Amino acid sequence: MAIDKRVQSAAAAMEGVRDGAVVFISGFGGAGFANKLLVALRDHGAKELTLVVNSATHRLSLTHELIAAGQVRKVIASAGRGRDAGLSVFEQLLKDGKMEFECVPQGTFAERIRAGGAGIPAFYTPVAYGTDLARGKEVRTINGRDCVLETAISGDLALLRADIADRFGNLTFRHAQMNFGPAMATAAKLAVAEVRATQDEPIAPDRVQLSGVFIDRVVAVGA
Amino acid sequence: MPGLNRNQMAWRAAQDIADGTVINLGIGIPVLASDHLPAGRDVFFQSENGVIGVGPAAAPNEADTDLVDAGSRTITLRSGATIIDSTASFAMIRGGHIDVTILGAFEVAANGDFANWDSRIPDKGPLVGGAMDLAVGAREVWAIMEHNTRQGAPRLLERCALPLTAVRCVRRVFTDIAVIDVTDAGFVVRELLPDVSVERLHARTGAPFTLAQDFKPLVVPPLPV
Amino acid sequence: MPGLNRNQMAWRAAQDIADGTVINLGIGIPVLASDHLPAGRDVFFQSENGVIGVGPAAAPNEADTDLVDAGSRTITLRSGATIIDSTASFAMIRGGHIDVTILGAFEVAANGDFANWDSRIPDKGPLVGGAMDLAVGAREVWAIMEHNTRQGAPRLLERCALPLTAVRCVRRVFTDIAVIDVTDAGFVVRELLPDVSVERLHARTGAPFTLAQDFKPLVVPPLPV
Amino acid sequence: MAIDKRVQSAAAAMEGVRDGAVVFISGFGGAGFANKLLVALRDHGAKELTLVVNSATHRLSLTHELIAAGQVRKVIASAGRGRDAGLSVFEQLLKDGKMEFECVPQGTFAERIRAGGAGIPAFYTPVAYGTDLARGKEVRTINGRDCVLETAISGDLALLRADIADRFGNLTFRHAQMNFGPAMATAAKLAVAEVRATQDEPIAPDRVQLSGVFIDRVVAVGA
């Protein structure tokens, strides 16, 4: 049967997502937020989620809607600070002890996700050595470099935004949309991409930026 | 006795950016350095979100939220630019492929210890971003900060009081009154505003320092705040 | 009593390739399986050198040494193909994104231990290639091998005698006389050539086995050697 | 001064390469061998080299010329077996104890090089656990998975083949030319690419397959 990973709606793309899922959310600095899928996940209603997202609170991402809807138990991120002087919903939950938070240096965050998708259970990195974020972690000096042991992050669902998908799930990205998306897709059991448009004809081999092997479902949502 | 303003601090840092280098500029004052690069220096600005070759900010009518830097600024690309994913971007950073990073700072210690991520704002969520990766990975780390806090306390210290971003990593500090190298022998002042005496600098600095052999006045052009 | 020839072994393995899967075929007999895929099954053949979607071999007049698979065969690409670098290719393999790999084998043990890389040829240089990565990384490892060595010794064993490629990884074995699953309870024979008796199979196999509940004759079409 | 990484000849691209260098050589299965640079390195004459190359002996690579010229002390590779029944020069040297050889599973080989370029001093991988190639290596069970500790490989020189280079050193590759090239370029102090053609105008941002940040010198050598 001809491979075709296109689904009809963002809602359909959430089929099978369960309570307690570990959810990767791509996007950085305004580019690559899968906001249509985030709304679909909110409407889907899965609870007790762990979000793995660069920022818990970026103003252009709808991640905060999942948090505000009470669907989130824990966030793993490099940023959890709201823009305003007052507290964001996320920060208030954190203050009240109703939210778990794991703060990870952004490069270690990206590398741990890559490791999850690349079959590397753990790695040593010099980043964070000697800081509060290395507290409790194994340290080791390798070739004179003080390092921290970091473990892979794997998850259940990845939500990413791309530009074009073909029916094989191959993706192209506009400008800086890629960011965490490719790594997250590799580390999740179910990887879903919202795209501007899907097409029947394959993307040319040398234009594909993420292989459809890593993508399970794509949904066209327009610009 | 006002010190340098933000653009003047960024200008001074920009003068030290060598031709042909790959640089990452932190948010805040450091990113202003790209506006003050001396003519004829061809450099690549890298941004953590994967943009290699950040150009000038986009004109408002051309702003595109898909084309941003790590500070969420809508940007343009320079000639020869490309964009990679975050994993590759931080592999580039951590792997020593960034010649210089210029970062905002809270505190710098005489051994190069660096604090720039956690100023202990009560109840606000943590925010580390790519600071630790840059501080560890870039070949040289330069810090830009006011010489003193608003309360007048020194930011150049024997030992950082705030949570560290990385150990022993800062090589040069640009403040609103001085340019200071961090060496194996501690702080070495290279340049000082002409109207700040060395005694006054001692009073405003939280650790011993020596003067560089080629110690000279810190001179910058007038620039808008 | 001749067993299956190379193409027949490859044909039999190909029948078990599910629609929609991502597969890596080892050099030798396994790579022939791509010629025998049942009609209507849409699969992606991945090759360690980064080709995702290997198509049929290139016609001689279209052969291009830049477009090859890991076995140095000049190939074509299928619809929807792309090419990634070796690091990404092995991240895909090790990360569990290959549904099945079919590999040539020297020996398979009843606990799934697998030997296919070092047959101890005197003085010849070692050659491991991507075998260990595939054996550990693919979700399922299927082995294809003659049931016995040329000297008649069994290749299905209690314990491998040759150096291991990976521990406890083989799920199914296609030999020239049988199809055998490797289970927690050891070898389970699923199919056997009609003219080979179970007693004869015991004599030719170096470890105990049971017959599958749906045990049946191994039937393949006539195919050129 | 405008960045321009083009050099005039393969010989010029070898300037500064020293005896004892650790040299990465890209190429796999016939694609991406930097044979013009290999000849230049042979003529350059640097000795006591350690080669990091997927195969010590691939028939379409000129790696063997460096070996035959006596310039090589050690090879790190996933393959060291000649095609013929008799012994290749490499195999003969190995047999005579005049060549060191480190045999590495191909994926671990690629990942160790990536680690060298990505600032990851060491990582755990399940590959090779329980085999002769893990002998003497630290093992550890992580999340139930038996793993081996592998260390990064960094080097002095990387030789790769690409299709087009612009003056910034940005590269595109034809078909399967990439293979080990991108990782090797990141792990070497000096990365040199031979290409079919160089161009003054930049390669379009979304067509660049390896950033010029990782490339030091490019030389046009034709098809």
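Which chain is which? They are A, B, C and D, in the order written, and residues in each are numbered from 1.
Convention: a residue touches a chain if its C-beta (ideal position, glycine included) is under 8 Å from a C-beta of that chain, and two chains touch if they have at least 3 such contacts.
Everything numeric here is computed off the predicted structure, so don't read it as measured data.
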Those chains which touch subunit C and also touch subunit A
D
CA centroids of subunit A and subunit D: separation to the nearest Å works out as 33
Mind checking the centre-to-centre distance between subunit C and subunit D? Centres are C-alpha means, answer in whole Å.
29
Can you check how far apart subunit B and subunit D are, centre to centre, with Cα atoms defining each centre and the answer in Å?
35
What are the residues of subunit C that contact at least two other chains?
83-84, 91, 93-94, 136-137
Would you mind listing the residues of subunit A that make contact with two or more other chains?
111, 114, 118-120, 125-127, 206
So the complete set of touching chain pairs is A-B, A-C, A-D, B-D, C-D
Residues of subunit A defined as touching subunit D within the complex:
111, 115, 118-127, 142-143, 145, 147, 151, 172, 206, 209
Contact footprint of subunit B on subunit D as seen in their complex
1-3, 114, 116-120, 166-168, 170, 186-187, 202-203, 205-206, 208, 211-214
Of all residues in subunit B, those that touch subunit D in their complex
19-20, 22, 40-42, 44, 46, 52-53, 77, 79-84, 91-97, 136-137
Subunit A contact footprint on subunit B (complex, rising order):
48-51, 64-72, 74, 83-87, 89-91, 93-94, 118, 123-133, 136-137, 163-167
For a test of understanding, state which residues of subunit D touch subunit C in their complex under the given definition.
28-32, 54, 56-58, 60, 78-82, 87-88, 90-91, 94-95, 101, 103-108, 110-111, 113-114, 125-133, 146, 174-183
